[in-house]
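Going by the order they are written in, the chains are A, B, C and D; count residues from 1 in each one.
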């Protein structure tokens, strides 16, 4: 086998970080050479995450651009606003970057400011960055130096609406995305609202007045649509660890097209989008730990509303798995390398 | 205190049955005098449900119309299609009946046949039965002999849409109800799909092509609306025991009305509908074990879609609690008697 | 009805606090007149805990001894080490105090220092305080001014071992208490370890080398035993919100005694200890929200080891419910007042 | 690569069956050639288990000895009492067999009759069968034709007690195993007791008077001990899908030995037993989906009781993973092949 890809991870103590570690530790062509955490410097990674014992011998280190720039690719699994301060230096050194946070997802710096509450540190990179949804941007990802890995909700919602909008089959101004996420989507930070005793045995919507993924999704959907979309987006906190279930509604403007066939054709070459048979109801657990998005398309008897069900694991196809998929594409190796994981059922 | 109301329960071994027992065992003006189960005859109720030890001394008995007709009111917590066979005899004997199953919910016998797959045994009673949603039918319930207790989804959905439809503020033909239910909604029957190892840590939609609560909701909404409604209804199985979260979407045809005020006024006299402050996101756990419906109304920035969040405990306001509320109304006692329960948080 | 008991609660924002509120808001003879929280001053209680909407109109206030001393009884639901600073002043003013924290549980100030890491502020009160386990100290509680409400594990473990030790039927130096607690036992503080995404779908022991409830249990068991006890205590974090299951093991030194009868006789007059029929396995959910302890006693075929199963709701009989029971006893009202709650099943 | 191992699976519709499929579908040296189910004949496996879509193209077939005997190895993931009827014919044909049920675990046919309630169909094979716990029987497994894969509890308990008993450091007649299992251990059969609405948010012991794994564990421990063991075994149903946590107690008869060192040395060459650092508390989630057993050994301050914490995934090291490990050993390939899975955290 040829020399392995040298991988660095900045910010390895959150859920996207440990999920990157789980996938990359077993990746046949990659080797983790640096993992950083300001707060946990010197702590062996496997001490913090005992599931990695025997699989990874690294300790957390300070984020040192000199060391990171020796990597072939660096993943940022940091809070929003961190990557944008370090990325220019790494790109200058020729290191490829995949950012799992939101720093490079929005094309417009004013929109970034509005939704993330801070000036962008390198707005010129916003246009250079490639939005890392392979199902629509695979070619640009191949040659990208900087990939903005999509958010979890945006992945599930865009993959569900994509065939319909591309084919111009629905009214773009009345899209509804009712989305349900497991609690790990809120991250590993200490927080009363995501304690088991608070979030278990309960269901609630949140951020109905505005969620940061809304502009990201709208930007993506606009790219697929002939007209500007109107999107109502309601996220819900669901009492489970992993998984996103997006239930998508749109008004059909053409009732003749075979939607099942449309979806199957659109995704027939996609290794990680699985169009379920007609009449199916995908379960989030079918992708637990796996990089697949499973979708099903329905037209209920009322007749003029199409319902798309789209499920992913928010930490895999919605974060770390998609990041590895992007890495594979950027570095020209097999797109599915390291991602041959079957959903953990039961 | 005056003589207590004599209560009979037919079919006490399911979840709506045991929930009736929990509420009625502590009801200040009711006394359970008979509880039936063909399969568990002779078994003390508290042996099957140890949480009732010390609170209830009855044993299950065979359903005997003679004994049941000595009750002031009989609840049916039986599978669909059971009550309709016994109810005429009880009504003839002057006993009031509250059916927690679907036997008397639909006004149209053909629709019953279509959705429940059997001929109705007493179609003439379909028009006599009062649909037991007190917030809309309180007066008829007062004088009713036979009350059809609403389904769980229909309760949450109707209470959420009601103020909007009554005020004619939304397009009635594009209503969407995305609903999430805890697993107890599927009943206490042995079933692979609702095993903990199947339904926990997962989320899925089901019956997108048609759910029995769809015609029931549509019938109710039509009663509130000036035009026939068009409703897309998607139920989801959620990994929790109790709770329904209905997320309702409609297109506003009037953007000037103060919706918060509309909801507060509509429900200001309702003891069990709590309109949350503007901007709220009600949690299902806030009504766990309680008879309240909590609702919040939002208009997200996209502008022409109203979003209503409506939560209930499917076994209380969605079943047994609402049944007790109906009993209280029918028998002229305090509507909240026996229902002063605070949601169990955490 | 006579004038209601005036109740104050110091520290009402944690789980024992909100559970006190749930029980006291419906208590027929008590009235909450003050509830304090330094951090939440001015915030309506029902805003923080929406399950209380419609049941409680108070707002949090600063803890003011002048106001608190106007109460008949004050509950402390504060972190360890807080009550001991305020209690002397309240007692001097004639107000009774029930402390739900650990400040007055241990009789020995050095042991307090060792396990809680701070000097005791009023060591002279340690002997005056009555340990509030009604099943053993009911008479002292009746006349107590200051009650130390037992810990959750100690309640379940002591009630399980009590009949055996009092009757001198087991080797006191080889007691084992394997205990499993729901996550609410860890409190409402923001903490990574009790996030849903960390604590759900997992089981672990903790503090095997020493848990603060160990000296408390040992002190209690020593009071029941003719010899000093030797106790191995292993607590486990269990993926559920509420409930403690204590599995207790002891070596029998007398195999002739009918243990079922022994337990039934010991607890025959106790309103909140329910000895299950021989062969039973009590479930924690049977006491979810209720003040009962359910116990079962087994002698497995191996023959010389007795196994006691003891379940409580850690927030009710293990905290707030037992505190209300103590209040009822101290104030001479019906011991079960306000505690007629049936476990929420399912 | 050489020709792949041909694998058959009898009874592939339960949880151990689908777990075998998950592991074997990605095994680098094995190929599933037949999978049987009487009830699901003709149904594509991936239709029943959508997580396998894209990974496995087989359909269930009738169990045909002719086809099965063409396999190199056949796994039985059937109910107890099924394998013993088919195994002799397969062995005669030269096919190796690994039984995941209990048919060949007990050496004594009378004990089988007593605990499983049926005469054994091929008692002569009971002595030929090798008990498939590689950590103690690796050499016999290498040459075995028939392996009895251990039960889930027995795996966790035996691996925890083994170093202590082999070194004769504890009193063998006072062993206590308090074990907690996720609900998947009860299988995929429709059963009221394991419904989410019954088993979630609750904890209970079961079968205290006698569990089928008790004689199996006792047989195994006797093989490690110089004297007959006395074992008290109490299993508990825990509200999670996967995982076993065994908490083991024994009385030390030697307090000088360094137990940490003892455990580390005993398991230093074992690829799937991980001795945690002193003071650790292994979590079941650290092995979720993985074939590892993680153990920690403690001596709490009371002094003469040793506490061992032992965690496995009941479906992996407790069933399908260990079965694959046995297959690897029997067929002389790398023992860890196909088992390089990292626990899914969070």
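As a convention for this text, contacts are C-beta pairs under 8 Å (C-beta built on N, C-alpha and C of every residue); 3 or more make two chains touch, one makes a residue touch a chain.
Please read all numbers here as calculations on a predicted model, not as lab measurements.
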Quiz item: So which chains are sitting against chain A and chain B at once?
Solution: C, D
Quiz item: Which chains are in contact with both chain C and chain D?
Solution: A, B
Quiz item: Between 0 and 180 degrees, and as a multiple of 5, what angle does the rotation take that fits chain A onto chain C by Cα atoms?
Solution: 180
Quiz prompt | Whole-Å separation of chain centres (CA-atom averages), chain B against chain D | solution = 45
Exercise. Find the geometric centre of each of chain A and chain D from their Cα atoms only, then give the gap between the two centres in Å, rounded to an integer.
Key: 36
Quiz prompt | Touching two or more other chains - residue numbers and ranges from chain C | solution = 15, 184, 188, 197-198, 200-201, 239-242, 282-283, 285, 288, 346
Quiz item: Which of line, ring, star, complete or other matches the graph of chains that touch?
Solution: complete
Quiz item: Considering the complex alone, what residue numbers of chain D touch chain A?
Solution: 15, 18, 22, 25-26, 49-55, 184, 188, 200-201, 241-242, 274, 276, 280, 282-283, 285-290, 292, 294, 315, 340, 342-346
Quiz item: Taking the complex as given, what residues does chain B use to touch chain D?
Solution: 15, 182-184, 186, 188-192, 194-201, 239-241
Self-check item: chain C to chain D touching residues, read off their complex
Solution: 174, 176, 178, 180, 197-198, 200-206, 208-210, 230-234, 236, 238-243, 245, 247, 249, 251, 279, 281-285, 288, 298, 300-302, 304-305, 307, 309, 311, 346
